[in-house]
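Handing you a structure now.
Each chain gets a letter, A, B and C, in the order it is written, and its residues are counted from 1.
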Amino acid sequence: MIVESASRRRVRTVLAVAVVALFVFPLYYWTTTAFKDAREIFNIPPNVWTFDPTLKNFEEVFGISLGFLRQQEVLPGGGNFYMAPRLWDSIVVALGSTALAIAISVLAAYALSRMDFRGRHAFVGWVLSTRMMPPVAVAIPMFFIYKDIGLMDSYLGIILMHTLINLPLGVLLLKSFFDDIPKEIDESALIDGASRFLVFRRVILPMAKGGIAATAVLCFIFSWTEFIFVLTLTQTGLKTVPVVSSSFVTSTGTAWGNMAALGVAAMVPAFLFILLVQKQLVRGLTLGSLKQ
Amino acid sequence: MRDSDRKQYAARAVDRFVKGRMDRRQFLRTAGQLGLGATALGTGLGARPFWTPKAHADAHAALKPSDEVLAWVRDVSAPFRGTTLKLATESTPPSNAINSQLKQYFEEASGMTVEIEVLPLEQVLQKLTLDIASQLGTYDLYYIDQSWAAFTARDVFDPREQLAANPDLAMPGWAVEDFLPALVDGIARYEDSLVGVPYDIPIFIFMYRKDIYEQMGFSAPTSLEEYYEQAKAITDEMGPDMYGATGQMKSGHYSLECDWTAWLWGHGGSIFDADGKFAGNDERGLEAMEYWRRLYGTMPPGVTGWTWDGQGQSIAQGVAATMMSWGEFFPYFDDPSATKVSGLMEAVRCPAPKHALRTVDETGFGEIPGVGHQGGSSLAVSRNSKNPDPAWIFMQWATSYDTQVLITALGGGTGPTRTAVYDDPRIIANNRVGPGTTRHLGVVRETIANDMGSEPDLPEWAELANDTIPVRLGKYFAGEYSSNKEAMDDIAQAADKIVSG
Amino acid sequence: MPAVTSAKAVFSSDHPLPWLFPLIAMLVVFTIYPLIYNIWLSFHEYAPFRRELEYVGTDNWVALWNDERFWGSLSVTLTYFVVVLIIELVLGMAIALLLDADLAGFGVMRGLLTLTLVIPPAITGMMFLLIQDAEFGVLTWVLEQVGVLDGTAPILSTPSTALLGVMLADIWQWTPFMVLIFLAGLRGLPGEPYEAAMLDGASGWQIFRRITLPQLSKVIAIAVLLRGIDLFRMFDYVFVMTSGGPGTATYTLSLYAWQQTFSFIKWGYGATISLVSLVLILVIANLFIWIAKVRW
């Protein structure tokens, strides 16, 4: 890389900190919202730095109480904000669909990267186009199918839908990661008598680990945040975070603090997942050059 | 009980206890009955002095369904044990009270499982229409906002029909006549049938800051014009820290349509005329718009971005002094842990209309003009349900006298839909300043009897009320029409086109 | 182990079909059927009184052509799509270049940026609704302090600024997505051409224009395609933040299709809107692939 002068490095650091701070600020504000009661959330002027932190919002969302801190009290409207199991639903769905999407995508991406066949360009185009259908249009027919085959309101049903929305992304990204690995590596292994599958499993997969990790992170995120399919295809069996977050909108106002508490808590599993694959990710980002 | 059943039951009990839906004593008793010591259920539960599961029910141990009611439930539910009932509902005080606190008693007595899906209003409509349109019976009971009554009428049982058909399943003392007649007409009646029974009744009442009114030397307004004068005086004197009025005027949202009807009806106008043509653009309708426009000038500029949430917060956080809106908010205002106005709010009936209200004969589609716009809902058993009888048992229980008292007393604050509940000592006992107060319920009751306004019933109403009207009113307040007339004519044209098909 | 043996046998030839089969199976079941169903649906409409779908010929298509609301939504969608895509692309590239350095703390900052992606857009919408609230919002307050807003025109309910308010949420959430993908590309670039260019005395802009950009073209193409498709179908933010308002200032095609389908039970009309939306994005995407000379 280019070696920069000390002053340029300083400018770069200052700029970077400023930009990242700008992006992190809404998160910071949202996190503080989770620790405020309604009076603080709606203070004028907005309370950015100084406020009385409360754990009430988290207690209500996770159904726990640090009761020794204050007297127990009955919540107006009954305290219907117990959402902890929904976090678990989200984790199951996101992990399941990510695993499935990656499994299907690596196979397909390898073939698309290594095997030349007529219509390959068009085929990739078609795969990409499956992401273009507005979700509303897919939701209705899927509702009928799911009802018929009993996938309605089930983990499997949602996992399949989320796998589907992630396939184009998975195939496209993984293919470009595989493309970066020189074909000569496969060929020399094949000449040595290894089978295609062995080459794929023993040589290519390990080399593309970083790319696979990066793709998995994105699949996880898209499943973690998907709204319309979960809304349409579930009832009471499971619900993911984006959909339950709307149940804080009630006829007697929106429970902003509780919603923020769930939002903040929901960042944790997703971020843990990113951290888990972080090591791979960094390598993926460095080695997996996507150059043409 | 078979061993596997017992384990399952124990697991459910633990789950409920952990979720705070069962208090400790009851949990230990249940565990004892199942032959399990608390330790056998997991070592952690008994030994966590500080990290204790929340049990709201503790403080209200006395607020449980009466033994008689539970005995009836147990009795009639015998053939249906093990049934699962599903209901999608808006997150309203009654549904929340049932879901988080009362449902467990019903489930225990009936042996049924009740799964309640709590959603914002628009999403309930989406679930409901999908279920009705597909005729698949994915829900056993429907929560029906009054504005959807016409569309859903043919897909639900008329409760009178159910009473007649199943005398064995009838709850003793449960009769349609016990509900406030005005509500049965305004919420549940569509043509000759009843779309369930009234389940909750948010209704427009007038709420104001006593302290500010005293400071200004005002008393509660008796006419709309007086209200405007007061609102203007407060905004002129105290703005922009305090505004004289507030609103729920988010473009494209149902709440904007609700505000509109109150001013419209209050000026002697109506949504439809007797021929079923849109009448919001007639002389009275335009006068109402003129009034609304003036009143809007006294509101915080943010009202055009608010639904009832922003409107309620503007009162709760001390930004606005008055609100003519959902009485359901009143108990929230009295909660000192959430608002800055606890004890400062007073409720009265809405100001009197400027011109005589139109009669039902002068309007179309069963519209009932009145300044007190109601947004009630009914609960009904779906005809597509595979379990209509158990659903009917649940419905009677959920709308019974006993349950309504508990709902209201548990801090709901929504107006009960049964006459007698207003007089129950447990409800009157909550007539004090504090969260979940019932001190506004007298006004709610009078409003239902005297001022209530109900929207028309026609299958296209959902589209008109959620889109056609509020989208154009939103345009109006964004200044995209040159005159009141132009705006209302535009709505008229669009509405008539939709109604005529 | 028989399973492995058979897998080996199936995957040992150079025929792509076994490799592609799971993908094709998933896509056929889950996308071809909905597509056919929607085409069929667009020639039908739900009859609320008979509780069934009835054939209406080309009525929906004709109605769509004459529907001002549709054209309005289309123009909002296109505006949103073009403006946000350009901003996210440029900003994403700028931030990626900025963060592409091995300085102290830069790894942490790259990680912090990805945090915006794990918030569900439905919650992001609520978050920006609160931040931009005319009375209680922190952004409104800041803008009033510096004199940009005067307190009379709330961001999200003034026609000229509402779409910007929605865009802000999108840009905040998805610019880091672009950064993530661009960084992946940048970090993998070989160093030699840069050193040669430095020796030749090329300026930073020239280096970027002549060396970095061409090498990143495929990464950029993928990012633009993935993001562009999602922008065209954007739903969550407007649904939560503005309900398409004020008036129809932020009414997108997706929201319109949603309203028709779920709120008014005009399934046929909703399907028609969705199909048009699909065709449009197909055309746009393929034009892009063709112009950018992307070969898969």
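The rule is simple: contacts are C-beta pairs under 8 Å (C-beta built on N, C-alpha and C of every residue); 3 or more make two chains touch, one makes a residue touch a chain.
These numbers were taken from a predicted model, which means no experiment stands behind them.
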Maximum centroid distance from chain C, chain identifier (CA atoms): B
Contact-richer chain pair (by C-beta pairs counted) among A-B and B-C: A-B
Length of the line joining the C-alpha centres of chain A and chain C, rounded to whole Å: 15
Averaged-CA centre spacing for the pair chain C and chain B, given as whole angstrom: 37
Residues of chain C touching at least two other chains: 135-136, 262, 267
Chain B, residues touching no fewer than two other chains: 126, 130, 313, 317, 319
Numbers and ranges of chain A residues touching at least 2 other chains: 42-44, 140, 246, 254
In the complex with chain B, residue positions of chain C that touch it: 46, 48-49, 51, 133-136, 151-154, 156-159, 242-249, 251, 259, 262-265, 267
Chain A partner contacts - residues on chain C that touch it in the complex: 7-8, 11-16, 19-20, 22-23, 26-27, 30-31, 33-35, 37-38, 41, 95, 98-99, 101-107, 109, 111-123, 126-128, 130-131, 135-138, 141, 172, 175-177, 180, 183-185, 187-191, 194-195, 198, 214-219, 222, 225-226, 229-230, 232-233, 235-236, 240, 253-254, 257-258, 261-262, 267, 270-271, 273-275, 277-278, 281-282, 285-286, 289, 295-296
Complex interface listing, chain A residues touching chain B: 37-39, 42-44, 56, 59, 63-68, 72-80, 82, 140, 143-144, 147, 152, 231-232, 235-236, 246-254
Contacting residues of chain A [partner chain C, same complex]: 1-2, 4, 9, 12-13, 15-17, 19-20, 23-24, 26-27, 29-30, 33, 41-46, 48, 103-105, 107-108, 110-112, 115, 117, 120-121, 123-138, 140-142, 145, 160-161, 163-164, 167-169, 171-173, 175-176, 180, 195-198, 200, 214, 217-218, 221, 224-228, 241-243, 245-246, 254, 256, 259-260, 262-263, 266-267, 270-271, 274, 278, 282, 284-292
Of all residues in chain B, those that touch chain C in their complex: 122, 125-126, 129-130, 132-133, 135, 151, 154, 240, 250-253, 300-302, 304-305, 310, 313-314, 317, 319, 459, 462-463, 466-467, 471-472, 474-475, 477-480
